[in-house]
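We just call them A, B and C in the order they show up, numbering each chain from 1.
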Amino acid sequence: MSKNPWRRFAGKAGSGLIAAAAMLGIAGIGASKAEDTFKIGVVTFLSGGAAESFGVPAWNGGKLLIDMLNKGGVLPAPYDKKGFGGMMIDAIPVDEAGGATKQVQEFRNLVQREKVDTVLGYVSSGDCLAIPPVADELKAFTILYDCGTPRVFEEGSYEYVFRTAAHAAMDNISLAKYMKSRGIKVETFAGINQDYAWGQDSWADFVASMSNLSPDAKAGTALFPKIFAGQYGTEISALIRERADVVHSSLWGGDLQAFVLQAGPRGLFERSQVAFAAGDHVIPQLGNKMPDGTIIGARGMNGLAAKAHATELTNILWEAYEKEYGTFPVQAPFRMWQGILGLKSAVEKAMEANGGKKPSDEELAAAMKGLEWEAPSGKIQMVLGDGHQAIQPNAIGTTKWDTATNKMTLIDIEYYAAECVNPPNGIKAVDWIKAGFPGAKCD
Amino acid sequence: MELLAYILVDGLIYGAWLFIVSVGLTLVFGVLNILNLAHGSLYAIGAYAAASAVGAYFALGGDAFPLGSYVAMIGGAAIVALVLGPLLERGLLRHFYDRDHVIIVLVTYGVFLILEDVMKLIWGVTPLFVSEPYSLLGNVELGPLYYVAYDFLVIAVAILVGLVVWFTLNRTRRGKVVLAVIHDREMSQTMGVNVDRVFMVSFVAGVFLAALGGALTAPMISVSPGIGVNVIIIAFAVVIIGGLGSIEGAAIGAVFVGIARAASVHLLPEAELFIIYLVMAGVLVFRPEGLFQKTQARKI
Amino acid sequence: MSFARSVPVACVLALAVLVAIGLMLPEWAMFLTTMAFAKGMVALGIVCLMRAGLVSFGQGLYFCIGAYVSGLMANWTGITDIFLLSALGIVAAAIVAAVFGPLLATYRGIFFAMLTLSLSMILYGFLSKLSVLGGTDGLNVMAPTFLGYAPEGRALGLALYVFTCTIVVVAGGLIRVFFDSEHGLIALAIRDNELRVEYLGASVRNEIAISYVMAAILGSLGGVIAGLAIGHVDPEFSYWTTSGEFVFVAILSGYVSIGAVFISSVVLEVVRSFSNLYFPNTWQLSLGIFLLVVILLLPNGLGSLLSRLKRKKRSS
């Protein structure tokens, strides 16, 4: 081999050229924007720990709804029109696993290479924080459909980015309200939440809400196991030893299932009233292993609480989902549905305004701002973040196993209006809680 | 005093579990000199296999004799070891023994990526539940605290595993052959030891221990995608604390980490995320190659 | 042609070619290449260590330090100039590496790999805990400026790309000179047999510490570029799987050719990006198989393939 470095560099430059040429060739594959189809990039977890509880059920629900819309006339008005304003919907699923760095890259690829009309996605809060600046930079209309952190529109403002689900503050505000209105004894309460932003924020919101609504209640031990820890023996001992009246938890997915399986036999549920802020999605898997009398939220009026309040729209989707997948839909598909239906409403509103052409990103953003629409999870209103962040009604219930049908049911469900558990525009959720919920409209 | 007892019991239960999931890693490293990044995936596959086996056992009328489900669990782990062990060792790793250490680590990283998706292809993403074996033995009351008897079964299994591995290595002829290979691979080969076979048997044993860890955990958790990823890091930490390749080290390391973690949860819950790394850093500062690593002779 | 003169000439030529390519690339490919080059910088650091027979499984540590230092500086002090941020990244990494380098230089093989890994994981745990820095969700970073020039949209992408190429070429050139210098050759000798090197009178520990600091600086520069390009930094930068990827690129390229490092990095990014899109459910599987095939077929990395091709051309 030559010792002359120039030759090596020449070699490098040459092969670089080949690589670049190959990439240019690949670039040609990227589809162009067709007028009669509306292309969505759907980004959600298809692998890893959040796939089973959020990503896959959401995408299952999404597929189902998109097929229905493409067929046309299956759903009641205003969703009876075919596709999005007559355009066929073409959805490309992308795996969200791999962290925010990778997602920013994939987002660019979706927008610039695959030329999707909209990206709809993101369960992880980290991804939801990383994507919006890029979306604005590329002027790409983007919907965040699932993630919970309030930081997205409280710390920033974006023109092309919308979140069609309420942020997480309402989950814990509603829980605290439920404790009070149901007269549950709370002299002390403890918490077990995962050690990352979601768990830390949930606990902070719950503590703040409790200190406002039930100032006598004392916050005790706050445990923060690592996410995906799976082993909770030690934590359960600490909770039992603590004997708090209420145990609060925002655990989800496999962690929540493992916690229930391990805490059940050890009698935690008999000693303390346990409340799961986002717990509805493990009911289909756990069945009667979820103890009776557990307080459960669903991050919105989703799942069993939505069924108890069902409209025609809810029933059609519910039955189709049960038939297709053999289990009832929990919160994840509900949030996917409200995202897709919101997108449909925005596209059709924009087409009304521009004379029936396929809307541009700017037209879509204008149409989505401040939009209201009906979803299986109730009325969704884009109110916060100057019309970019949704609020939605919430529901909390208590589990009761129905021995006659061998199904888990929710009893004592309380419904909360969107304006009752979400802050008004312009005030941060944390400040709103601390100030004692000024301007809340509860009926 | 009472608190101390809880910390001890909780720490021992967790430590026992840690030992089972990490002893296979240290065994494989000791004998084959391979740091197996796919160890966590093998743990996860063991959990899936055990869940399937227990499910099948009850479906085939195992209700009459529920204790048999423990046999089914271990059987599931054994099948994983007997299928995947030879496949990975003979089919893949063998081709890299003469290559750099790090290349083999990278190969196992590739295996980890592949197995993560293969699990999804075989079992899907719907979680499996087999909690029957967990509640089968009832509860143990310890003061005001309930423990599930199964937790103590895990301690018993950990002790048994430790003793069997130690006894096999130190008190049997075959074990001494393995020790000879650990000490000097080339020299043992010239003395007529079938190193290939020692490697394969040891690797299969390592896979079995990983799968056994998963199998024992399966009844306590929902077996779903991604459960293996975290186990790798925890197992690494234990093995590094104990000294790579040392069985006694893994045992001490596991108990050490278990008790440190239990103390942190009961006394200072804020530090839980840190504690394992703190212990690791602390040990490494004073004993750079782990608690039980012997200094190795440098060869010219 | 002498070394001193030919390297600058080659650098200028390489830069011209890269920029010309950049002007032709669609935006997504330009971004992909920028990211690949940023990660390639980290991998180049690992290659430095590999020449001395060591592999660091924790270069995510410096990747993360670079990203956080530049991100926090930009957010807290309003300094957005990319040259200044890069300089700060270099300084931070050099300080940290100067502390750990001499300590790590006594370790070899898997112990070196695992110690570096645990250092990066400690940073990961630390950052995850600090809610001031955004905790696990990380924080967004402002777009960089270039000596007062504040581009937007495609111009920003292009400016970043050109900056990255410049850094890559300059660093590549300097490292080439280093590799062929006395120190660089001693490193290779350590790889073969370190006792002999010591008997010849050179300090193995010093050589390794020097390589380690260089690797840290390269890693930090990669982190600065990646953080600014993505516009978001999070503790994941320091996670062990991130470091694993860098090692993969380094192994894929081998330790002979510098150009091969960056080409491998681009290849990996392209493979990952397309497998993620076309096999959303089995992209890890395809990536794993790709990895195994490469290790199996190219025992000495992509660099060996390039030099083999060259040799063939000459003999025919």
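In the analysis below, contacts are C-beta pairs under 8 Å (C-beta built on N, C-alpha and C of every residue); 3 or more make two chains touch, one makes a residue touch a chain.
This is a predicted model, so every value here is computed, not measured.
> Show which chains lie in contact with subunit A and also with subunit C.
Where subunit A and subunit C share a partner, that partner set is B.
> More C-beta contacts across A-B or across B-C?
The greater number of contacts lies at A-B.
> Roughly how far is subunit A from subunit B, going centre to centre by Cα mean, in whole Å?
35
> Please tell me the distance, in whole Å, between the geometric centres of subunit B and subunit C computed from their C-alpha atoms.
34
> If you look at subunit B, which of its residues touch at least two other chains?
If we look for residues of subunit B contacting two or more partner chains, we find 116-117, 120, 273.
> Mark out which residues of subunit A touch at least two other chains, giving numbers and ranges.
Only 47, 195 qualify.
> Please output the residue numbers of subunit C that touch at least 2 other chains, ranges allowed.
Residues 128-129, 281, 283-284 of subunit C each touch two or more of the other chains.
> Subunit B touches which residues of subunit C in the complex?
Touch list, subunit C to subunit B: 55, 57, 106-107, 109-111, 113-115, 117-118, 121-122, 125-126, 128-129, 193, 195-196, 240, 244, 247-248, 251, 281-285, 287-289, 291-292, 295-296, 299.
> In the complex, go through subunit A and note every residue touching subunit C.
Touching subunit C from subunit A are residues 1-2, 4-13, 15-17, 19-20, 22-24, 26-27, 30, 46-47, 92-95, 98-102, 104-106, 108-109, 111-114, 125-126, 129-130, 133-134, 137, 149, 151, 156, 195-197, 200.
> Flag every residue of subunit B that touches subunit A in the complex, lowest number first.
3, 6, 9-11, 13-14, 17, 116-117, 120, 125-127, 129, 131, 134-135, 139, 144-148, 151, 217, 219-222, 224-227, 229-230, 261-262, 265-266, 269-270, 272-273
> Which residues, counting only subunit B, touch subunit C once they are in their complex?
Interface residues on subunit B, with respect to subunit C: 29, 35, 37, 92, 95-96, 99-103, 105-107, 109-114, 116-118, 120-121, 233, 236-237, 240, 244, 273-274, 277, 280-281, 284, 288-289, 298, 300.
> Would you tell me which residues of subunit C are touching subunit A in their complex?
Per the touch definition, subunit C meets subunit A at residues 1, 3, 6-7, 9-11, 13-14, 17-18, 21, 24-29, 31-33, 35, 128-129, 131, 134-140, 143, 152-153, 156, 176, 180, 226, 230-232, 234, 236-237, 239, 242, 256-260, 262-263, 266-267, 269-270, 272-274, 276-277, 280-281, 283-284, 306-307, 310-311.
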